[in-house]
Structures are given as structure tokens and as C-alpha cells.
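In what follows, subunit A forms one complex with subunit B and a second complex with subunit C.
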Partner chain A sequence: MDKTVNQKAWFLVLPVLVLVAFSAVIPLMTVVNYSFQDTFGQNVFFWAGFEWFEQVLASERIRDALGRQILFSAIILAIEVPLGILVALCMPRKGIWVSVCLVLMALPLLIPWNVVGTIWQVFARVDIGLLGRTLSELGIDYNYTQDALDAWITIIVMDVWHWTSLVALLAYAGLVSIPSAYYQAAKIDQASRWKVFRYIELPKMQGVLLIAILLRFMDSFMIYTEPFVLTGGGPGNATTFLSIDLVKTAIGQFDLGPAAAFSLIYFLVILLISWVFYTVMVNLDKKEGV
Partner chain B sequence: MAQAAVVRAQGATLARTSAAAGPRVKTSAVVMTLYLVFLLLPIYWLFNMSLKDNSEILSSFSLWPQEPTLDNYRTILTDASWYMGYVNSMIYVVMNTVISVTVALPAAYAFSRYRFMGDKHLFFWLLTNRMAPPAVFALPFFQLYSAVGLFDTHIAVALAHCLFNVPLAVWILEGFMRGVPKEIDETAYIDGYSFPRFFVKIFMPLIASGIGVAAFFAFMFSWVELLLSRTLTSVDAKPIAATMTRTVSASGLDWGVLAAAGILTIVPGALVIWFVRNYIAKGFALGRV
Partner chain C sequence: MDWMAWTWPTAIFFMVIGALLVTMTIIAALRPETPRVGILRIETTRGDRLFISLLGSAFISLAWLGMFGPPLWGALIACLIYAAAVFRFV
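Moving on, here comes the complex of A and B:
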């Protein structure tokens, strides 16, 4: 759509600007402020330069947390995106079952994040949980509170349980918007099921899938509550992701300087990767002429 | 010619589906059923626990409660320190939803209709706030709201959640508004409508589903968030999610009550989904389908 140039449109954006400036810019400036200062208490601060940034970048612990975070995001994207597409393809297209499936699928998305952690805690515990108990009965040595690998698997399954529906719903929205003429043309050409998927459905879902990947990447990269409730970052530091580590430093130990420097680096990493996604998405929008 | 092809194609489609319908429908139904069972099993387990008392949970292991009891729910619904958690959560979630949608509407209109200085940068900058990890903001928020005397109030949590809900609402509404032809605006102006009157009387009904979806998302992300709402409250505005974590650590683990509280947090979400179910798919695509 062509848009008219109108500088007065700024007035329409003003309320959002004021609100977001209050709730984002001021706090962010506080963070920047702390990241360059040191204190010995009593609200006396002095300039520390880039000391904290150097400390954070050199910190083994934070590097490990970043490594775990990237591994985690990569794994859940690799599972949730194909699985979400598969589920979307299997969704019924009409009738009462559409509503039923939609509502049931959306259910995990509306559960408070700490309750998600609690659900999986009581589900996976070896003494009272259905999953943990069943696995032990089957003779599999499973205990997510003691074994790092078990903890990882549990957290990944939990995230798949929690968020695959988001990908599936997005993919489904893309699928139902494909006009039936496309399928008919494919029928005339005697296209196989795979070819229909590869050359019709997948390209048509591209836009929504990018949104799905962007949202899933952002949210998995800042995951905090669910693993915190489930494992508390343990056993040891095995499931301490970036946000858990950050909250430990900032609120647990009250190390404002390092925490602030850490925050800024963390934010910048997310920003950089999201910017790439966003640019690709906008270009795609333009190409399709939406 | 073209029509004949379409008719032939439809004939072929019919023949093909009637032949292939049997096995194919079954596979997809099986996958779908398996997925739904996977989704519902942990929730069922929580529900199962919520109907048992603590000694039954710890002493025996059964797929359904042997002596079903509603005591856990009674504990929560009669104890003010429990049920006020739900009231507090609802208050700030509703406040946040109203604020987010109200400020996002005009902004989304501006982004979808006009080009102005810095619009693209502004739009991306708004989105960056959706990308900001709440953990980064927890401490500065605590200091900011303490400094202005809003600590432990509902409005503080509502404003804090605007950080990620306003950008999302703008994004969703902009997607829906793009789908409304611009000629409608122009016709209305020619007919002598002023901007506010046009916006409220004509434009808003046209994107009603978009507003519903934006409100749904604001509700959803405010309802599920814990880190910020826990950091910004202590007593008077404590959300249910925080009540759950604290009570658990204070009084030993009463799994039954914990499970019942969990089930009760799922109910509002389920109700809201039911109302917007027809727009869910489009809404999750943020109006961009």
C-alpha cells in the first residue's frame, strides 16, 4: 500500500513514545550508568570505565552460560519448527474439531510460566511424578535433579510442550490462507504430496514461519522462569542459562556493575540476531507486495 | 478452456480424495491425537494431584485419586492470602491490557497509513523492547518504581508489562490495519467525518477482531509473566504466581494445594481462549496472513 507522507502522524505515536520511554529508556539508562561505575556502598559511586565489560567478557562462568544458552535455543528451534509444521499439516480443516484442537493447543501458552515449571516438576519427579515414576519402573535410570543430561532433556521436552503450539498455530494460519486453486493446479500436474508441501505450502508459510522463528528465538534466549522453577539452574550449573545467571548476579549478590555490563552485552546479542531476522522478514513482506 | 480445466481438476480431486481419504485422514488424526495427549497428560497429572490430599500423594501412586477431595481448592478459595493473589493478578492484567491497546491503536494507525520522519527506525526500536530480556530490567524497574513511590502497586506492574506488550500490540494492530483499504478512510473524510469520529465509529469496528487479538496477547503475556511482577510487588499487589512460589518454600511442600493453585491459574486462560478461538490462528500470525 502506498503511504502518504504526513509528519503530523508523530502525534499519534506520541503516547506510545512517552510510555515506552518511561518504562524502557529510563531503566536502560540506569543500567548503562551502573555498568561504568563502581561502589563501596552508601550510594557513593565512582567511574570504573570498561572494567566491568572486560571482566564479564573474560568470565568463564558467563561464557559457559552463553554457550549453554545458544545450544538450548538451537536445539529447541530444531525440534519445535519441524514438529510445529507437522502438527499444522495434521490439523483438521473444518468442523467442530478445528475449534477443539485450537483451544487445546493454545492451552499451554496461557499457563503462567512458573506453573509450567511446577507442572513439569510434579510430572517428572521420580517419587510422585507420572513420567519419572514410569521411567524408573521401566528400569531407566532417570533423575532430573541429579543428572545433568536428564535435566537437559526434561527442560527441552518442557519447552517443546510449552511452545510447539505457537509454531503450529502460526503455520496453520499460513496454511489455511492458501487458496484452493493452488492445490487444484497441483492435482492437475499430478504433484506428489512432498512436492505440494515443498513448492506450495512451504513458500506460502515462509512469512509466518519467520515470525515463529523470531518469536521462539527471542523467548528461548531469555528463558528464565521455567528452568528456574524446575531445576533452579542445577544440578551444579548444568542448566544455568543467561537470565538465571544474570538474576543471580544482580539480585542475589547485588553486584550492580558486572550485572549491568552483563545485561548490556546480553541485550546487544539478542538485538543483533533479531535484527537479522527482522530485516529478512521486512524484505520478504516487500517482495510479496503486502 | 480454463473453466473446463478447473472442472476436470475438481473431478480429479474428488476421485482422488475418495480413494485416498481412508488412510491419509487416519495418519493425520493419529499424529494430532498423539500431540494432544502429549499436551494434556502433564495437565491431567496436575489435576489428578489437586484432588488428592498430601498424604495420599506421598504415600501411594495412582492414575486417578482414590479418595477424591476438594479440600485443596477449599483452602485456596477461603484463605485471603491465596485468593487475593488471583484478584491482584487480574487487576494488573486488565489494567495492562487496557493501557496497551489504547496507546497502541493510534500508533498502529500512524504506522499503517503514513510515512513520517524516522518511522522505520521507530518501529524497529519499539520491537527491540519486545526483545529485551526482563531479567535485564528487573533491578532498574525496582529502583525506578521505588523512587516514584509506586512500588507494590498494581499500576507499577501494569506499566512494567507495557514494556513488551505495547510493542507487540502495535505490531499486531498494524498487521490488521494494513488489510483495511485506504479508500475507506478517504471516503469517510469526504463525507465530513473528523478524525476521532471516523476512528471510533468506522475504523475500530472494522478491525474489531484485530483489537480482540491484540487484547488477547496483552492479556496472555501479562498473565504468564512472573519475574517482573514478583520483583515489583511485596504484599499489596502480590500476584498469584509469586504467592505460589513463596508459600511453597515457607510451609514445606503441600503438593495438593500447589497443584490446585496451578489448576486455578489455567482456568482464566482457558476461558479467554474460548472467546477468541476463531481468531487465534490469524492472531498468532499477528494479522499478517
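Moving on, here comes the complex of A and C:
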């Protein structure tokens, strides 16, 4: 039987296209336009060529911020993913505690980012904060506003506190979906707990874990609000990540051209990494589907 | 051209990308294809290969700019060779 060709459904996609055009494509085009021009305000622009791109590529300040950003993402992924899996493995699979656990795990995810920053800012203060005060009472020299290492540790702990639940919930969803037959087979074979994890649970969680890693990577690579509220990028420039640096350039110094060039390069890096993750994910699904 | 601070070079850049997308859509409608597996060991369609070419070209141009500075004609040639290679082998 011949298939009827009917392309009218494409019209239903039209509103989305218009929305995306106005919310993403056109602003991005404007950024491209700005990145090649210089302005002194009054909506008057001068052609600057590749000057801003050269400046951004040669900028030590941005290179340092990129280094910090990569280090930050690597650290939080290295902590949150294993920790999230561990938490998911410890969560009950049935009974009344399931919903209690799920709600408790979801709580940090529901808090707005600037509130998370404020909570930790107060919590870690040496004079009135519970954490800061306790640490200093114990004789530990801790002050996140003056010491770079302390600031880093505080931001990392804050991020782990905020986002490990996401990894845990995703991993838990992966774990729950494993049919019990697999566990029964493992029991018959007298597989150890480690082998059950290595050969049954981990492969079955692969898909959701990739999504978790992608989401955490993207979010941590674009992190702004929490470190901004907590440390404001300090002490010095110790916790100035890419987005904080970008906002300083664009809004603080009102250098639209360099900021536009900077954000385009930032965007390209994120696009590349997301594409790699996406491709790996889709190909894994296909392999599993075979 | 005042709208959105347009200049001819950026306008031409977007027109070329727009034209590429339209051409690919027309080709896709006229000659439907099946995805193939190339040297990256992933399934790609023509659209995927265009995306890989454009993204890679952006990085080639940035690398050229960082290493040799403008003009970017050399980078453009490198991008075209890269794009041809992507469409042939990936």
C-alpha cells in the first residue's frame, strides 16, 4: 500500500520555531554581530574585525578562568557521580521509606540557586555561621572569604550538597528498572556484591548515568549564581569561573565586543562537549537496542 | 542594517549558513538517505556531517587566529578541506 504523503503536521511545529528564533537564534546572531564591533554606547558601532577574538584567545585572565572552570567541573563530577551511585544503592527499593527518601533527596534540588548561595554564605561564616564557627572553635583555621583553598572547598561542598541528589535520583531510577531476574541469576551463580554491581547494576545504569554526567557537567560549566553569592569570585580571583568573568566583562566593564567574542567561544566549547556526550549516549542506546 | 547592529560580513556569514540549511533540506526531500557509519564509528546523516563540519571549522578558525592571527584565508582553506574530508569519510 502506498503511504500518503501529508506534510501538514509541519505547521504545528511553526510556533516552536518562532519561539526558538526569538529566544535563542536572533539573540545569538546579535552576539555574533557585537563580537566584530566596538561601541561607545548610543547604539553607535564601529567595525573591529577579529580584534576581540584575538584579545580573548590571548587573555591570561580568561585562560585562568577556563582552567578553574575545568578543574571545578572535574572535581564535582569525580565526587558527585560515585557518591550519587552510592546513595542510590543505599536507598530502599520498597516500603514506606521509599517516598520519604525520595522527598528528602529532592529537597536540595527545589531550592533556588541564589538561596543555596545565601544559605552557605551564612552557614560558613566564621562569626555567626554554624559551620564556620564550629570549625574555628575546633581550632581549624578556616575562613572562606580570605583563603582561596577554603573558598574552593566551601563551593565544592555546596555544589555536592545541592546536586548529588540529582545523580542519586537518576541512578536510583536506573536501579529500580532492573528486572529481578538478573539478581536471581546472580544469586544462583553466587556472584559477590561487587560483581553484581560491576556486571549488572553498572551496565544497566549506563544510560541514566550519562544523562546525569551531561547535566552535571553542563550546569557546573555554566555555574554562576552560587559562587557569585557565596564568594563573589574571590578571594582575589580564586573562584572567578568563566561565567563570573564574562559578566564582569559584559556588565561590569561594559565591554560588549570582547564579552560577545568570549561568550561565543564559551558557547562553542559547551556545544562541542554536549555534542560528544549526546553522540555517545545515542550510540549506546542503539547498541543496547540491538 | 542598523537593526541588531548588522554589518555585511556577519550578514553574509548567516546568509551562507541559511543557504546551506535550505540546500540540505531540499536535498533531503529530493534524495532521502540512510545514515552510514564512517571512521568515527558513529551513524551520521548529511545533516550530522554538516554540523560536524561547521563546528570543527569554528575551532579551526579559532586555532588559526590564536596561532597566526588574521587574515583567515588559510583557515578558510583548511576548513573547506576539513569539511570535504568529513563529508567523504565520517
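Just so it is clear, the second predicted complex is superposed on the first by the 277 of 290 C-alpha atoms of A that agree within 3 Å, B and C clash if a C-alpha of one lies under 4 Å from a C-alpha of the other, contacts with A are read in each partner's own complex, and residues count from 1 in each chain.
FYI, a residue touches a chain if its C-beta (ideal position, glycine included) is under 8 Å from a C-beta of that chain, and two chains touch if they have at least 3 such contacts.
The structure displayed is predicted, hence computed values, not measured ones.
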item	value
Which of subunit B and subunit C A:Trp113 touches, first, second, both or neither	first
Touching partner for A:Ser243 - first (subunit B), second (subunit C), both, neither	first
Partner chain in contact with A:Trp275 - subunit B first, subunit C second, else both or neither	both
Subunit B versus subunit C as contact partner of A:Thr30, first or second or both or neither	both
Partner chain(s) touched by A:Pro15 [first = subunit B, second = subunit C, both, neither]	first
First (subunit B), second (subunit C), both or neither touched by A:Asn283	second
Subunit B/subunit C common contact set on subunit A	26, 30, 271, 275
Parts of subunit C lying in touch with subunit A, wherever the complex brings them together	2, 4-7, 9-10, 13-14, 42-43, 51, 55, 58-59, 62, 65-66, 69-70, 72
Complex contacts: residues of subunit A adjacent to subunit B	1, 3-10, 12-13, 15-17, 19-20, 22-24, 26-28, 30-31, 86-87, 89-92, 99, 101-115, 118-120, 122-123, 127-131, 133, 161, 164-166, 169-170, 172-174, 176-177, 181, 183-185, 187-188, 207-208, 211, 218, 221-222, 224-225, 229, 242-243, 246-247, 250-251, 256, 259, 263-264, 266-267, 270-271, 274-275, 278, 285, 290
In the complex, subunit A residues that touch subunit C	26, 29-30, 32-34, 36-37, 39, 43, 45, 47, 49-50, 53-54, 57-58, 265, 268, 271-272, 275, 279, 283, 286
List of subunit B residues in touch with subunit A within their complex	5-6, 8-10, 12-13, 16, 27-29, 31-32, 35-36, 38-43, 45-46, 49, 57-58, 61, 63, 99, 102-104, 106-107, 109-117, 119, 122, 124, 126-141, 143-144, 159-160, 162-163, 166-167, 170, 178, 182, 220, 223-227, 231, 240-241, 244-245, 255, 258-259, 262, 265-266, 268-270, 272-274, 277-278, 280-282, 284-286, 288-289
